[in-house]
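Naming follows writing order (A, B, C and D), and every chain is counted from residue 1.
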Amino acid sequence: MEYVNPEGLRLDGRRFNEMRQIVAEIGVVSKADGSAVFEMGNTKVIAAVYGPREIQNKSLQKNNDHALVLCEYSMAHFSTGDRRRQKNDRRSTELSLVIRQTMEACILTELMPHSQIDIFLQVLQADGGTRSACINAATLALADAGIPMRDLAVSCSAGYLNSTPLLDLNYVEDSAGGADVTVGVLPKLDKVTLLQMDAKLPMETFETVFALATEGCKAIAERIREVLEENTKQLEYRRAA
Amino acid sequence: MVGISLGEQHFIKGGIAQDLRTDGRKRLTYRPIYVETGVIAHANGSARVKIGGTDVIASVKAEIGRPSSLQPDKGKVAVFIDCSPTAEPTFGGRGGEELSSELALALQRCLLGGKSGAGAGINLSSLLIKEGKVCWDLYIDGLVISSDGNLLDALGAAIKAALTNTAIPKVNVSAEMADDEQPEIDISDEEYLQFDTSSVPVIVTLTKVGTHYIVDATAEEESQMSSAVSISVNRVGHICGLTKRGGSGLDPSVILDMISVAKHVTETLMNKLDSDISAAEAREEES
Amino acid sequence: MAAKPGAATPTYSPKLVGRSRLPIFKDSDLDWTRPDGRGFHQCRPALLQTGAVSSASGSAYAEFGNTKVIVSVFGPRESKKAMTYSDVGRLNCNVSYTTFASSTLGQGTDHKEYSSMLHQALEGVIIMETFPKTTVDVFALVLESGGSDLSVLISCASLALADAGIMMYDLITAVSVSCIGKSLMIDPVTEEEGCEDGSFMMTCMPSRYEITQLTITGEWTTPNINEAMQLCLDACSKLGEIMRDCLKQSTSASDE
Amino acid sequence: MGLPDSSQDLTSEMEVDAFRRIFPLRFFERHLSESLRPDARPLDKARDTIVNLGLVSTADGSALAKIGSTTMLAAIRMEVMTPSTESPDEGCIAVEFHMPPICSPIVRPGRPAEAAPVISKRLSDTILSSGMIDLKELCLVSGKAAWMGYLDIYCLDADGALFDAALLSAVAAFSNLQIPVVALNDNGRIVAISDEKEQDNASIIEEEAVNKEKRKLTLKNIPFSLTCILHKNYILADPTTEEESIMDTLVTVVLDSSDQMVSFYKSGGEALAYSSSIKSCVELARKRAKELKEILGEMDVD
């Protein structure tokens, strides 16, 4: 199947280095300490953060000098084309773990000993790149909750189809069987916190794809920063009023 | 959920007794309601309803199925509710299942009517494609994103809006075939059928706090309730379903009084919802 | 199920040929009688018995026509280890069906819906403060389902709780009413429930004259609801007396 | 009740109860030395046994058996299946034993009792190996259709000797079983015929009817069982739950109506079964089988 036509346009009309439209909003869950919705095209994720608060399940308390970060990922029944009914399947568990580790690396957990931070992620629509969308949503929600972080962790994916590196794969491109590289970075520190790839790729190709994904991350980081600044301005404005 | 101090409890109860609730509402006023339709691209119909801090999404998905042998002339409808842990950390893991199934059961009761189909909000016969062979299976999925009380009413309104938003493809069944064969079907991607949702009831929950009852209780108010009665009323003013929550007993006359209050409240709510839904539909078409 | 030899081969139960189910009641047919010959406002004869299960703290058997249920109460006993401290007691309910409970459904399973409804009906009457930190288990088995299962279960459970000596504010009685066409009939059997236009189930505390649980489905007008409620209240108070007599008899029998 | 020598160290019933809970084994051994059991039975006597037939109207055959307070409800439902190619003219019996949470404090919902599948298996083995039922009698149309009998036994009250009671209820349910009247229709499926329908168009049905009238199964070699406890030199017939939990060497002997041994089952336990004690167990089982046969015989008269 042809994923990139001779004019260099993808199935949904994007160019190879073009991202889908990003919509981000802060404070969608009224009772959470921090929350955000993050949309990339048709992929839509809600994140809610509760904490830092007292550790609820004492058996999880291992390290007293650091905050405990917990993460739960769930998909709505209507999030995909066919209805799925299992809640705690393997994919969810794997994703929960990946997101938890990524976020844990950027939260300054040593500032909040004896406490726990819960990150809940709810996928409303899945159209490729949920992993990245979840990390971006979680970052926004953590920032909204005022949890101290080293940097804003952002993530973006890129793939390689029809001998073309492609930024931000959608579901159709994702399931085409080509390589899919998900990168998570801390843009200011210029550090990679997450790198996942599942397919065979020659080293030099990998480097171009990886570079493309990193570029994407930077663009997203910019967008996230804008959203946060806008939110802060509004808070200031409301306070003045 | 954070506990409420004794002082706050008195404040909430006292406010309700004086017809001035903590957020300034009267006992029978709703919080602002916001309706948005077509929020889920994959679904046949969807809607998001916000009532104050409560935020829910309902989606309707139609799949081709086979009518049950007991009712060969009807389609099937199933209601599932999911309480996302984003709404409440205790819903994490399997924690939300109990509430989810309770809500699903109450909604099913309100929407699907009696066993014979009387009083159903959705006309099951309209889902039939070919008697005994093919029908539409309607899956209604509700998701609670943020919860601040009155989940059932919000879900009921969201499902009503989602059903209004639903478009089901027209299906052509190939003509005659043998008795035990599954007929060939042709799903049109141009012609769509709309639902008649005028008979879908709205749900009003009256929460009893002290000696008074209130509509649209917040989570704080719900924590002070002795019992709550959810009543679904359709356009002609008939009761289509009733569920009681909370253990404490109620005098029969109180229940009858609650029913008449609920009927009165639904009249205005029904009109408000209808205009909100059609406004949302218009907005969706524009965009 | 694994132990069933030949469970892999599909089986079916022979059905009656060519007989479509006749509507058992037509609006025009006013002289119609109910399948078991009762009047519209007449309940089935009830047989109640406490102490059906010797190994339980309390138990009761109830038979309303073809509906036969057994309820056992265990406890108050230690709560599950995972439970946190609670200064009031806990109630745990479970309802299951035998594989042969009804002629249509083949498998006996736990009935989650009824379990939670039984829980809701009972939690308001039990004085939970009297058994802190512990759990009372109410387990029910429907031996045969013949209609109005839930209401029979609830009444029977309240009798079993009384037999177990669990403190309650009052006995709980439950009665269902079906609405078919224009008529209301109390204590419906399975056939009637299958074609009802609306159902009405009420549980109440007869001595306190309070309704603890009420569910209505189908389309109802206000006068219909008034009538159904009055019917249920009358039936509940009568059932309450029968249950009281049953308990008195069992205590006087054990005194001897 | 009271211990023969209770006047010396135990003065009130309250203390007897406490003694029973704290030193259960000594409590029992004192009884045994007097050849008596706490429920006033001699060692070799089984508890009162009652059998009722046909209690479940939704089943094709059912029975309730009560041994002491152990209560079992068995019901059989007949369904049609396609017989396997190895045995085209034989039906099948599926046995399932259930212990619902109501029967005993040790069973909780969602966590079925360990004992249930074990007893299921033993019941199924015993019923099939005893040759009580001729599976050929369950055949409808050779190679096409045969009866599948689903036998479900529910324990309503568990107070020891579960297997004995379950087997008794199963046997009684089979004796109560009425095989429904059915016919073969054009599509090759078996359909039921109601009584009045048969009269309406008897001519059409007559030739198709595979099973013209309600009939019973012929039962031969009916198995009866007795469970005994072996403890030191004592043999206790038909133990209660309490006895089973204190003394753990159980022996179950199954004999058929012509006094042939069908199965013998001893599971672990401390006491070793000497051939002499096994002989006495078989002797007790023989007596018990006679008793049970009489009880079932009475039922058949009705």
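Simple rule for what comes next: contacts are C-beta pairs under 8 Å (C-beta built on N, C-alpha and C of every residue); 3 or more make two chains touch, one makes a residue touch a chain.
All values derive from a computational prediction rather than experimental measurement.
S.K.: If you tally C-beta pairs in contact for every chain pair, which pair wins? Let me know.
M.R.: Result of the pairwise contact count: C-D comes out on top.
S.K.: Measuring centre to centre, with centres taken as mean CA positions, what chain is farthest from subunit A?
M.R.: D
S.K.: For subunit B and subunit C, let me know how many angstrom lie between their CA-based centres, rounded off.
M.R.: 27
S.K.: Roughly how many whole angstrom separate the Cα centroids of subunit A and subunit B?
M.R.: About 32 Å, centre to centre.
S.K.: Please work out the Cα centroid separation of subunit A and subunit D, and write it as a whole number of Å.
M.R.: Averaging C-alpha atoms per chain gives centres 61 Å apart.
S.K.: If you look at subunit A, which of its residues touch at least two other chains?
M.R.: In subunit A, no residue touches at least two other chains, as defined above.
S.K.: Can the chain contact pattern be summarised as a line, a ring, a star, a complete graph, or none of these (other)?
M.R.: Its topology is that of a line.
S.K.: Could you list each pair of chains that touch one another?
M.R.: Pairs satisfying the touch definition: A-B, B-C, C-D.
S.K.: For a test of understanding, state which residues of subunit D touch subunit C in their complex under the given definition.
M.R.: Residue positions touching the partner: 56-59, 62, 69, 71, 73, 75, 77-82, 84, 92, 94-96, 98, 100-105, 108-110, 117, 120-121, 124, 148, 150, 152, 154, 156-159, 180, 182-183, 185, 189-194, 197, 241.
S.K.: Which residues of subunit A touch subunit B in the complex?
M.R.: Of all residues in subunit A, those touching subunit B are 28-32, 35, 42, 46-48, 50, 56, 72, 74, 76-81, 83, 87-88, 118, 120-122, 124-125, 127.
S.K.: Subunit C touches which residues of subunit B in the complex?
M.R.: Contact set of subunit B toward subunit C: 98, 101-102, 105, 109, 112-116, 118-119, 229, 234, 238-252, 255-256, 259-260, 263.
S.K.: Which of the residues in subunit C end up touching subunit B in this complex?
M.R.: Touching subunit B: residues 112-113, 116, 120, 123-125, 179-180, 193-199, 204-205, 208-222, 225-226, 229, 233 of subunit C.
S.K.: Tell me, which parts of subunit C touch subunit D in their complex?
M.R.: 1-7, 9-17, 19, 52-56, 59, 66, 70-72, 74, 77, 94, 96, 98-103, 108, 110, 137, 139-141, 143-145
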